[in-house]
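Chains: A, B, C and D, in written order; residue numbering restarts at 1 for each.
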Amino acid sequence: MLKVGIDIGGTKIAGGVVDSDGAIIEKLRVDTPTDTRALADAVVDMAHHLSSGHPVAAVGVAAAGFIDKDRATVIHAPNIAWHDEPLRAILEARIDVPVTIENDANAAGWAEFRFGAGRGVDDMVMLTMGTGVGGAIISANELFRGGHGIAAELGHLRFIRDGHPCGCGQNGCLEQYASGRALQREANDIADSGGIGAALAALREEKGVLHGPAISRLILADDPGAVEALRRVATALGEACGGFQAVLDPELFVIGGGVAQLGEVLLEPVRIAYETSLPGYGERPIAEFAIAQLGNDAGLIGAADLAVADAAEIVAGRTG
Amino acid sequence: MLKVGIDIGGTKIAGGVVDSDGAIIEKLRVDTPTDTRALADAVVDMAHHLSSGHPVAAVGVAAAGFIDKDRATVIHAPNIAWHDEPLRAILEARIDVPVTIENDANAAGWAEFRFGAGRGVDDMVMLTMGTGVGGAIISANELFRGGHGIAAELGHLRFIRDGHPCGCGQNGCLEQYASGRALQREANDIADSGGIGAALAALREEKGVLHGPAISRLILADDPGAVEALRRVATALGEACGGFQAVLDPELFVIGGGVAQLGEVLLEPVRIAYETSLPGYGERPIAEFAIAQLGNDAGLIGAADLAVADAAEIVAGRTG
Amino acid sequence: MLKVGIDIGGTKIAGGVVDSDGAIIEKLRVDTPTDTRALADAVVDMAHHLSSGHPVAAVGVAAAGFIDKDRATVIHAPNIAWHDEPLRAILEARIDVPVTIENDANAAGWAEFRFGAGRGVDDMVMLTMGTGVGGAIISANELFRGGHGIAAELGHLRFIRDGHPCGCGQNGCLEQYASGRALQREANDIADSGGIGAALAALREEKGVLHGPAISRLILADDPGAVEALRRVATALGEACGGFQAVLDPELFVIGGGVAQLGEVLLEPVRIAYETSLPGYGERPIAEFAIAQLGNDAGLIGAADLAVADAAEIVAGRTG
Amino acid sequence: MLKVGIDIGGTKIAGGVVDSDGAIIEKLRVDTPTDTRALADAVVDMAHHLSSGHPVAAVGVAAAGFIDKDRATVIHAPNIAWHDEPLRAILEARIDVPVTIENDANAAGWAEFRFGAGRGVDDMVMLTMGTGVGGAIISANELFRGGHGIAAELGHLRFIRDGHPCGCGQNGCLEQYASGRALQREANDIADSGGIGAALAALREEKGVLHGPAISRLILADDPGAVEALRRVATALGEACGGFQAVLDPELFVIGGGVAQLGEVLLEPVRIAYETSLPGYGERPIAEFAIAQLGNDAGLIGAADLAVADAAEIVAGRTG
């Protein structure tokens, strides 16, 4: 059965026709309009275009923000002016097949669970180290959505009491310490400090700013300042995973996002911090760590796979 | 359908015949033997005794510790010398009906969900403020068990990085800041400090030690030192609940354990801390707080209700 | 002996003729120019004007920033474009009497020590709760200046590891938790949270912003949200004073700045936190707390009193 | 001029005749009696013995604990049952020359300042990484004693709010994170964690316990677990030094105690943490770091050098 998945990102909308093995048959990308009406138009156009050449049974849409338990309404979105937006109804009025809305991190986590790094496990946690830290929880082969549909905001678990202010209105959220942006901040701090920050400072002087890929190149070249910056961010992530183990007890952590492209260079200090942060008497079964496999396509693949094809199922309520 | 529930505590074993409404038909209590063989004997005796007068379909046993996903083996127990103990098999060899093992905090949380403060909600979190902090997660009407069966160790989520050492081998665990024992520690600290600690210091001088009930009486008498001690512990709990909201998104928090007997006096500062610790742009649906209703019987009621009566179900694997 | 004291603030320059009892004989105020040359002109004009009618022996200038050990050069100023500015030489070229430069928080602390809340003690610490937190240390009747002249930056002692970013480039500095601005931030957080923040939220809605004086009025009216905001800030200050006791062992803490106008309403929660934060076995002599007495004049009075009248003394080097 | 210095340690009393260059002419060591009377006898005997062959002008005694501002009374000692003990009077009744009492960390810091790593600087801070963390502050060539004589308890500055309990009654003191004992704790934690802790775990298995010298050998052999343990402790020390810079502004930090025998291997991660923890806009003059030079003799040398030979000086009060 083919479905369409559409991932509404901050700058681009990516859509694709996805088969039941998670393979993308056809793919499209357009810029994200800032106006909500234009945005809906763009999603509808993309759905029409992708379904014109394929027998599509359903459309799944992924977006950043709080999606309600019925996967119909966007309660709040950080980048788009949606407040209690009945997005499913708006789209279904203009699309012939059932539409479901999903949080983008949930969609990406589901894709990794079904077709990527998480195949074969029943219980996993995904953490995406991008601008922020996104999260998804798969428990007993189901996506964990919570009582209002907005669980698994793992990047907003408090990591430091009274810590860095976060865009969410709180202080000390994990994403302030374990994201790609945190890596940039640590790299800048180390560049300011002299000493081991010399190469980072020189790079910043030359480029005007320290971008993630440039920091990553210095990490891979074993520059002590860049390695120290990564160590701090990886340590924060690993320590947080120790806590997630206590609460969620997954078999596997899948790490995605730009920073995860460092692969084992990232996972090694993550594991050190994780293993020394595990509560439990030395008796606790521990989880594996893996790098995400589906890259930027994970959101649209997961949205497609989570889309509910059968109207009866929607009526029956929330289902996997 | 009647089932037997048996809750193995650190000092007492409590057992009861429980009906399908969670009511206890008959109840027994014996001291907990320290020897593992004598302990098994005591559980078997209690099961035989309770089932002799009633048509019992299954036995559920609750115990502190890590219980595996199949609810058959005690991976580790903090108070009893069990390591990978095949407790279900040991008991089923001597008991005629199916036996299932459950973590005691999970059992208590399930009982509150089914028959106590959590009736009517689909997604709740229970926190028990006793010597430590126990946790249970109910998600979409099911007990959340995790990939190895040992999820919901909510008292061992790190609350303070590099904080107080915990019996689990880690530092800064929530239970070091939000348990009954934490209340005692704060009360002692305040008693040491002079100033508002005068009444606490006098009480300690008189009794030799500051016990929870005595601290509670001072709290209810509005003693400033005792109220400050409660405020600290309640603030820690409330702040932690802000984080649990981000991760687990429950509709309801149920607070149990000895400290919860303070009722609204406890919940008021918990809510202040919770509401000022919620990540999410002012748009997040928030949870209710309630005091647990089943007291010390919650463990045995939940164990009975979670016991699996149908052998077919056991064969089919993990079920609700 | 009369001296002139001039306090260069962010918006105003205040100057006065000060006698040897710390009394101000004549006083002037002008706006602070942003241009460094115009600023020097303004200071010279004020010095000339004030000394025209009085036999003035020396001029003392107070400014925010790092002043070198010789009290001649501004290493760095946060608000003015001075970098290694030889301010004493620039001013002495145009003023007939000796000039000395002093850090403004040091000058204010010295004034309180000599003529205000600190009279009669030998060892005191002053903390000014304004936009930031300023500090001064008096040890054995002398101003503690440190090896490079820039000691006593008490607001920049780290209070929370990995805490709030600070304008100084670090994270978690005390001034992020214990300043007037911190009080505003806490009040805003509580206003956002609903519950006890209702009055704060209403005030913010009405005024557009929560200013310090308005928050103080709510505190004095016993509004629970405003009192909670103060409690957080006062607790941070008191806890920090426990640490200053271990390091500096003063007899007295003098608390100044806008928040200190709350008087005992501020000092009460400060003392609770201080007394429960003192290291030392219950055997440690403790310090008193007092509210500063000289208000905004403290800087110019202290600068005048610290000004060195005798050129021989200057040649002899750093003196009290 | 020759003086006697006597350092009362937890297990040994070390005494010596010290000349005005800090050289030890003659030296003695005896076990520390636990009884206070026997302890006084031992100190008197040692003073008599050392002064019998040399023209000694004064005796200086160093001991752990709170010594009052007049250097006459032990307010409190952690290891000996002294409470407001008039130790100077007790000793002077039986010794012919003036006696002064000094805190042992202050004495050691003074010795390094006068004759060791601190020669040539005016303002330094000494930190001794032993069982705890001892501190001494030298400001403008004088020992900083504070208003009650008990300043410079640098190991008891709070490093982590709500952190590890400390023997002083507080939580989160620096000495819980940056001492030799902290190094042992971190090594044990890493040994427990598996992974990089394999060599530490094997060593612990073999020896029964992880002692400092054994951990140091693994550090010098570049074992990843031992190096990680050192990195954590050195990072805590370096971060704390960033804060001491803001408060005390020294030109030099001298690091002593057993861990300091690692030399540059210790100082390298200390400097990284220090440089990235300095408040101050990138404009702040920074301090040097040096390893202490006088080892275990520092206490007695400093006590001798601080002893006041001239009775007139004692009458005149507290002097350098």
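In the analysis below, a contact is a pair of C-beta atoms (placed from the backbone, for glycine too) under 8 Å apart; a residue touches a chain by one contact, two chains touch by 3 or more.
On a predicted model such as this, the values are computed, not experimentally measured, just so you know.
The chain with its CA mean position farthest from that of subunit C is B. Chain pair with the larger contact count among A-B and B-C is A-B, by C-beta pairs in contact. Shared residue numbers account for over half of those found at the interface formed by subunit C and subunit D, and the copies are therefore classed as meeting with the same residues.
As a whole-number value, the distance joining the C-alpha centres of subunit B and subunit D reads 46 Å.
Here the spacing of subunit A and subunit B, counted between their Cα centres, is 33 Å.
A separation of 50 Å divides the Cα centre of subunit B from that of subunit C. Counting only residues that touch two or more partner chains, subunit B has 160-162, 169, 189, 192, 278, 282. Looking at the complex, you find that subunit C touches subunit B at residues 161-162, 189-190, 192-197, 228, 271-272, 275-276, 278, 282. Across the interface of their complex, subunit C is touched by residues 66, 75-76, 78, 83, 121-124, 135, 137, 139-140, 144-154, 156-161, 166, 168-170, 173, 239, 242-244, 246-252, 277-285, 287, 318 of subunit D. By the touch rule above, subunit B contacts subunit D in their complex via residues 160-165, 169, 171-172, 177, 189, 192.
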